[in-house]
Structures are given as C-alpha cells and as structure tokens.
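Next up, some structures in structure tokens.
Below are two complexes that have chain A in common, paired first with chain B and then with chain C.
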Partner chain A sequence: MQPQFSKAEVATTPEGALVHDDSTAKWFLVSSVAYFFIVGIIAVIIAAKFVWPDLMGTMSWLTYGRLRPLHVNGMLFGWLLAADMGLAYYVIPRLCGVKLWSEKLGLATAILWNVIILGAVVTLLAGQNQGWEYAELPWYLDVLVVAAWIMFGLNVLMTVASRKHQAMYVTIWYTMGCILWTAFVYLTGNFATLVTTGTNQANLNWMYVHNAVGLIFTPIGLAIAYYFIPRASNTPLHSHKLSMVGFWSLAFVYVWTGAHHMLHGPISQWLQTIAIAFSLMLLIPVWAVVYNLFATMKGQWHQLRESVPLKFLMSGVVFYLLTCFQGPMHSLRTVNAIVSKTDWIPGHAHMAVLGCFSFFAIAGTYFTVPKLWGKPLHSQSLANWSYWMLMIGGLGFFTTLWLGGFWQGWQWNNWSIPFIDTVIALRPIWIVRFVSGILMFIGIVMFAYNILATALGDQQEAAV
Partner chain B sequence: MFKKADNNALWAIGISLALFFIGGILTTVVPPLVDTTWAKPFENHDPAKGVTGKVVPLTDLQKKGRAIYVREGCWYCHTQQVRTLLADTKRYGWRGVDAPISTPDEFVYDDPHMFGTKRTGPDLARVGGKYDEQWHRTHFRNPRDLVKGSIMPPYPWIVNNPEEFKAMVAYLQSLGRGKDWRPANDYEK
Partner chain C sequence: MAPTDYTYPSVYFAYLFFALMFFLAVYFFFKSRRDGYWGEKGEEAKYQMFDEDETPRSTP
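Here is the complex of A and B:
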C-alpha cells in the first residue's frame, strides 16, 4: 500500500521550504465527514418511510416533510460543499505556491459554517421552512451563508492574487468561477425570491436550484477532479486547451437552463424552448471535460487497481458523463412528458450529487487526509470496501429509480389507471432503493470511520 | 481573449461574470417584462374566450392553512400544476370534465410558489372542492383508512388542533377554484 502514498507525497512537495499550516482544511474536512455520516442516517430513514409510511410517523419533527429538507441541505451544505471548501483550502495554496492568505479567517469560516449547519438542523426539524427547494433555510441563516461565502471567497482570491506562478492551472479557474457564480446564484435563489411571487418567483427558484448543481457543485467538483486525477496518477493533464473549452462553455450555457424544471408547466413556452436548447448545449462542456480526463488516464488505467482515490475519481467521471446525458435528454419535451415528476428525478439528482461530486470529494479526502496529518491512511482495505459499498449501493439506487421512473411515468400517462395503483406498483422499487441506501450508508460509515481514525487516532493505531 | 485569462486573474473573473450575466439576465430579469401574464391575476367573464373565473388573494384563514402546507413540506410530494399534457388534464379532471391547464396568471398571489417537482402523491392544483371536510379529517388522521396502499404520513397533530385543521381544509378547498370549472359542494364519496 505504501508506494502509492509515498510516490505522490514526493510529487506534492517540490517547493521544499514552504510548509502549509492547513488547519482550515483539516477542520472543514473533519466536520464535513462527520455530517456525511449523521445525515446518512436521515437518508436511510426517509428511504424507509417510502416502504413503511407509519415509521416514526406520529412525531411531527420526524415526518418525511421535515426530514427531507434536512437530508438535502445536510448533504449539500453540511457534507459536500464543506468538503469541497476544505479541499479548496488544501489545493489552492499548493497550486499558487504560497501559503493560504489567512489561516485565521479560514478557521473563523469553519466555525461559522458549523454554526450554520447546526442552526439548519434545529430550524428545519422545527418546521421553519421557507418553502423553496434548496433554499429552505430561514433568512437569518441565509445571511450567515453569504457572510461565510465572502470569507471563503476572499481567502481564496487573495491567495490567488499573491501566487508565485503566473499561469493559473484549470483548478484555480474553476474555484474562482464557483466563488463568483455562487454569489449571484445564491442571492437569486434566497433573496430575489423574497420580493417576487408565483411564476416569476418559481423561475428564479429554478434558476437557483439548477445552478446550485451547475454553477456551484459542478465547478468546485471539477476543480477537485482536475487536480486529483493527475496528482493521484502522477500523470499530466491531457490538454490545457480542451479544459479551456469546457470551462468557458460552462460559464456561458449553464445559467440559461433553469426553466427546464417547469416544462409543460405554467411558464411561457418560449422560455421553455430556450431552456431546452441550452440544456442540449450542456453536452459541450461535459464532453470536453470527460474526454480530457479520460485521455489523461490513457495507458494509466491499471493504476485504478491499487488506488482508492483513483477508483472514486474515475467512477465519478463516468457518472458525470451519464448524469449529464440524462439531463439534456430529460429536457426534451417528449421524454419529459414521461419522466418529469417521477422517481427518475431523485435517481438523476443522486447520480450527480452522490455518484459524481461526492465521489470526487471522497477521493480528495482520502488523498489529502493522510498528507494533512502526516500519517498513512488507517486502513487501505477498508477504503477499498467503502468504494465497493458506495458503488454497488449507488448503482442499485440509480438504476432502479430510472427504470421505476419510466414505469411510473408510463402508468401516469394512462389516465384510466387510478393514481393509488401507480403508488402501490412502485413499492418493489422503493424496497430496492432502501436496501441500496443501506449499502451506501455502510460505505459512508467505512469512509467516515477510516478518515476520522486516520485524523484523530494515535500514531500506533494508524500504523496497524 | 480567453488566452489572456490564463495568466491574469482579473481578466478571468471579468469574462466569467460577463458570460454568466448574459444568460443570467436574459432568463431571470427579462421574461417577466416580456410575458405580462406572470404578474396579472387571471380574470375572464366571457365564455367565448375559454374558461371563466377570477383569481383572488387568499383569506387570512386560507393563508394560515397554506403556511401549514409549507411547514409540513406537503410540496415535496404534491405538485400544484396541471401541465399541458392530456395525462394531466384527464387524470385531474372531474366527472368527465377535463381539468383546465394551469396558467401563470393563476399563481400571481402565490408566495412561496408551490409548483413542486415530484409527485409521490397526486397533483393538488385542482383539488379544491373534491373532498369534503370529513374526508380530509379521516385522511389526515390516517391516510390508509381511506386510501389503501397510500404512503402519505399521518398528521394527527393537525386534526387534533381544530384551528389548524380548519385552516388547512380552507386552503385545500381554495386550490384551483380561480377558474370556474366544477360545481361547488359536489364531493367525491
């Protein structure tokens, strides 16, 4: 197990004298991994509620309607975005050849972020829900999120401004893009919605929801993939030019597509058509990125056998390709008439956020934590198991929901079938989803335990 | 232009934002200016022009019920939109009458909007007037008592709080009634 670790270790310290503090990265990573585990419990509970609807059903704060926003917000902001930020705090100073601009500001950001997540748990369980997807948190927590984002952005941008190397690697562009776009996307979804109503508000809401994935998690996720795939495989990136094509086309086409969440719905037809056209154009940035990352691995695929981070990274790229093929196809009116509002939707959303971006973040965490704490990963075989659990559970989850979604949509389109019969028909699908969820949760527990045991366990334990 | 962004951070930031704002403004700020039906409440008294009716703001009681609907996350499983699909207008119709298609002008007073993205349960855009109060009381207490195989959670704390229950029912009965498409007091048994 050691060669892969030490080989990469040599590659990351060309500056020699420069010693990074990294306490901000450590705090973000440890807390995000803990939330991944905690929110994973909620995920399993709500999957179980589809099969046993009376489960914990008489306590208002444990009903599906309260736990679902906690699951979504907890996974998106408590786990994934926090892990991505932690990795950015690690990656950006190294790519710039300087120390993080302010470690104190970084630590304050980490504390504030934890305050936000804990506040989210309390308010969401209490039913303090604003009523917009991905923007459920009450306004005072939204203000704190904006403050934390400014602190994060300032730290990263100032680090970039003080960089030693003139040329910026693609990871830096994506991270800067994420910081800037997120600011406007988040303000639109959480504040502009406050002064609008009806269709106008829904349009702003979907612009935010869609771009929360497209212009927040995609750029920061790709930033991580672009850094860790070459790093973990000790192979240079295939093409700088192709990474530019991917980045600039992403910047242009993503924001147009929000209205595809309301196809056939009460929103202007021409706006739906615009959203469809740009949804198809998304194939350009996606295929540019995917080809670039695959070509980087050319002749290096055998490395996947030994390296858990590479397994997660390249599986994530495959899921990125798949989910970003689904999205444009699903936005075609004829396909949308079948799958829209069905269980296909959570299948698609989970493949993007879990199968792709969480896999990238998990890979980055596995790669950096041993370096951050200066000791080998607690257990390589446990890490390998966590990959297979998440992979098998994830595939079970995605495929059953896609098939189930089509099946459900076809049933709905025959209006002589009573609605309740279409619910009863889906029960086997939800049972498989629950079992897959258990497998994924076991994978999460293995991952979280491995990381925390590496970080917090004593040296001797780690050496076993 | 893009080459320069490789080495110049301000340049990279400038182009990233410029490209983003073209689509951002054209799809968020411009559409409500172009399509005025987004802001003008539905009103039609001429049967020759299609379904008649008038959308009015919710009463205080209905608003209270709506707040409960938001609080309990009903909107995670129930959409409120009859789409431009036969499958929707037929399925959510009543006694052979198709449900009218939902249009933006029906939702001008909706805040937060409750269009939804997922139908774990049926669409509720035209549910107003479909079931009477007693049906809702039994259904909220335990949905499976009325609909075998339903996976909706029970909501005893709403039924056991007369004020909340009354508000909730008042809100549900208002849904979709801005368009006069069905008689009042003609409930499903």
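Here is the complex of A and C:
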C-alpha cells in the first residue's frame, strides 16, 4: 500500500537520487489544509442558515450575503487552488528530474498567497464585495492574485525549461495549460467585467465562472490525477497518446462553453447555440481522460481496499465523469429551462469542485505529506474514515440538491405557484443538505487533523 | 453608447484572449506533433515518474 511508508522507507534516498527541498510545497499544503478546515466551518453555518434563516442574522458580518462569498472564495482559492499549487510544486520538479527553479520565489509566493486569503477573509466579512460571482474580491486583492500567479507560473515554467527529460509527461502539459489559461480567464473575469455593462458584463462574468472550473481547476486537477493514480497504484498510465488527445481537445473546446449559463437570457441565439455545441463536445476530452484512468487501473482495482489516496482518486474520476456528463446535458435548452438557477446548479458545482477536484487534492495531500515530512501518516484508520465521511456526506449533498433542484424548477415553471411557496417547499431538502454538510465537515476535520498531526506532530510510528 | 461605457472594447479585449488561446493551442498542437508526442516514442514520457521510485512497479 503506497502511503503507509515505514520510517525506514521514507528515510531512504536511492543513491544518486535528487534531494528536493520542498519547502514551498510544505507551506502551501499546510496552509491550504488549515483553510479547508476554517472555511468548512463557514460552509456549515451557511447550510444551517438555509434551514434557520434567522441564525446569526443580527450581526452584519455573519449574514448569508457575506459568508457565502467567503465560503466560495475560501474553498476555491484558500483550499483547492493552494493545495493544487502545493502539489504542483511537489510534482513538477520530480517529473522534470530537477530541483524547483527557485525555492525562495516559491516561499515568497506562499507568503503572498496567505496575505491574499487573509485579506479576502477581512474584506468579504467587512462587506467589501464587487458583486460578481467568483470575482467578489476587491480589485487590489485581484492585483495581488495576478502577481502571485505570475510568480507561480514563472517558477514552474523555468523548472520545466531546465528539465532533464525532453518529453514532457501529461501532468506537465496540464499544469502549463492551467498557468496560461488562468491568466486570461482571471484577467477577463476580474478586470474586463469592471468596465463593461449590461448583458455583455453578465456574459463575460459567466464565461469566467464556468472557465474558473473548466480552465483553472480542471487542468490542474487532471494534472494531479494523471500523476497520482499511476504513482499510488505503481502502474504506468494506460496511454500517453490518449492523454494528449484529452488535453488538446480540452484546449480547443472548453473556452467557448461559458455562455450556456445565459441560455434563455437576453444574449444572441447564435452565441447560445455555440455554447451548447461546444458543451456537448466536452464529452470528447472527458471520455478520453476517464477511459485512460480507468484502463490504468485494469487489474489493479484490488489496491483500492488498502489505499486511501486511490479511493479518493478513483472516486474523483467517477465524479468527474458524472459532473461532466451532467454539464453538457443541462446545457441543452429543454433541460436548462428546468434546472437553471435552481439548487441543481450548486449540486453540480459541488460535485465538480468537491467530489472531483478536492478528492484529487486530498489524495495528493495524503500521498505526499508522509514523504515530504519523512514520517508515516498519523493514522490510516482516520484517513479511511475521512474518505467515507466525505463520500457519504457528498453523495447525500449532491443527490439531494439535484432532486430538489428539479423539483424547484418544475415549481418555478408553474406560474400559479407563488414564489414564497417554492421556498417553503424546499425546507426538507435543505435539512438533508445541512446534515450532509455536517458529515462532510467531519470528514474535513479528520483529514485536516490527520495531515497536520503528521506534519507538525512528532509521532514515531503510524497509529493505525 | 455612453461616453463612459467601455463595453465593446472590453468584450473585444476578452475575445482577443480567446483568439490568442486558440492560435496558441493550434501552434503548440503542431509543435507537439513535431516533437514526437504522437509517434512511436510517444509513450516514453509516462515512465518518467518512476525514475526515482523506491519500490518496484507492477507489470503493466
């Protein structure tokens, strides 16, 4: 089993092997795990507010309107992107066979990233909000994000430029794609929208929101999956050529899909049709990825019994398939007429960002932290429990919101039902959502404690 | 269009990025063909991660 390294194993360095510093990866991973826990508390509070709307309602900085953007930005940038960056700092030098180009620059990036996240906590709780989905942060924090991304990109690209191997593994392709695509997606979503108006502004915003998932978290998430599935199962990838098909088809197709968030809205029909067509074409890169990763596990599925990282990774692949089938389907005009703006959408988004990409990041963190600190994982048993809590809670959350979203959409399509009645009708759905959120939060607590105890504790042997 | 409305320049700016990404994707796609990612040795890259492996890998 891959993550259960004995003390002797983790202490052994093969003769002539490169010794990596990994300070940057450590800082990013520890801080991202801490944010995962802290923002998880916010998540539970806002889930509770759906059931008890008056909860903490008299304190302005604890109202839903301030906590919700903090939850979104905290999870996306404080936890997931930071964890993905930490894993990239671990993976890229190893795949290139060289040390990270600049550990000092990496540490400066980690410090700046933490300044940004802490700044986001203060400004969002204080009510400073640009009012745009995923782009709520004030402009001066946006500028810092751009600076941090340039520092991250420079470090990774310079490491790749000095690589030992000429051929680049698919993880490197996806990471470089993420660096490039994030640059233009983030600039468009956070700066171009500031000087636009009306439907064009909304259209640019939804292009950003969709591509924040599709061109930021998807490529870096797949980069991680493509590295850790073969690594954790000790099995080479099924087909590198097929992985290239997936990469290039994603590069061609994804950019154009954002307008499907504006279906039935006041934008051109041709733009809506293009968005639908390209959304359906997403099935090509998705199937290329999923088939490749499933085929890699052929004859190796038994390893899931013992390996927590593989459990998270392969569950993440299944969720990736589901969410990427769901996406094109609800881009169809007829389906969209029912589910758009309903609870279906957060169900879909959570399956992508939590069920798929966070599962990949959790797996990578479980895999790398024992190696980075040269210690066995604090508790395999706790790691296994964290998987089941996140899986059961996640499934409850996703399925409840899909069913609730469809129900909500059917009610909204019936003009004879007053809107407030549709809100009251959804309360049982939100109770299940809250309970599922509690289960997921317990899983997050177990994961965070396990990782931090491994990194910061001084245990001698695994306490399984 | 109002004097302070920069809607169209901004949208064109965004679509410029789209076009830039498209042409970069096309360029790098053909560059990857030239660099041999689609040829006989296209599968070699997937073994790189095991170079520093401490444990023997299983038979594919």
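Methods note: the second predicted complex is superposed on the first by the 442 of 464 C-alpha atoms of A that agree within 3 Å, B and C clash if a C-alpha of one lies under 4 Å from a C-alpha of the other, contacts with A are read in each partner's own complex, and residues count from 1 in each chain.
As a working rule, a residue touches a chain if its C-beta (ideal position, glycine included) is under 8 Å from a C-beta of that chain, and two chains touch if they have at least 3 such contacts.
What you see is a predicted model, and the numbers here were worked out from it, not measured in a lab.
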Point to revise | Fit-or-clash call for chain B and chain C when the two complexes are aligned on chain A | key: clash
Review point. Once the shared chain is lined up, is A:300 touching chain B (first), chain C (second), both, or neither of them?
Key: second
Practice item. Applying the touch criterion given at the start, work out whether A:235 contacts chain B, chain C, both or neither, answering first, second, both or neither. Key: second
Exercise for review: Report for A:244: first if it touches chain B alone, second if chain C alone, otherwise both or neither.
Suggested key: both
Review point. Which partner, chain B or chain C, touches the larger number of chain A residues?
Key: B
Review point. A:311 contacts which: chain B (first), chain C (second), both, neither?
Key: neither
Review point. Where does A:200 make contact in the superposed view: on chain B (first), on chain C (second), on both, or on neither?
Key: both
Review point. If you stack the two complexes on chain A, which partner ends up touching A:330: first (chain B), second (chain C), both, or neither?
Key: neither
Exercise for review: Determine, under the contact definition given at the top, whether A:210 touches first (chain B), second (chain C), both, or neither.
Suggested key: neither
Check your understanding: Of the two partner chains, chain B (first) and chain C (second), which one does A:131 touch, if any: first, second, both, or neither?
Key -> first
**Study point:** First (chain B), second (chain C), both or neither touched by A:264
**Key:** first
Check your understanding: Which parts of chain A are in contact with chain B and also with chain C?
Key -> 166-168, 180-181, 184, 188, 192-193, 196-198, 200-201, 203-204, 207, 244, 248, 251-252, 255-256
Study note, to complete from the structure: In the complex, the residues of chain A that touch chain C are 9, 12, 14, 17-18, 94-95, 97, 165-170, 180-181, 184, 187-188, 192-193, 195-198, 200-201, 203-204, 207, 227, 230-231, 233-237, 239-241, 244, 248, 251-252, 255-256, 300
**Study point:** Residue numbers on chain A that touch chain B, as the complex places them
**Key:** 49-50, 53-54, 57-58, 60, 63-66, 68-69, 127-133, 157, 160-161, 166-168, 173, 176-177, 180-181, 184, 188, 192-193, 196-205, 207, 215, 244, 248, 251-256, 258-259, 261-262, 264-268, 271, 274-275, 278, 337, 341-342, 345-346, 412-415, 419-421, 423-424
Check your understanding: Within the complex, which stretch of chain C touches chain A?
Key -> 5-11, 13-14, 17-18, 20-22, 24-25, 29, 32, 35-38, 41-58, 60
**Study point:** Residue ranges of chain B in contact with chain A within the complex
**Key:** 2, 5-7, 9, 12-13, 15-17, 19-20, 22-24, 26-28, 31-32, 34-35, 37-39, 70-77, 79, 81, 83-88, 90-91, 101-104, 106-122, 143-144, 147-157
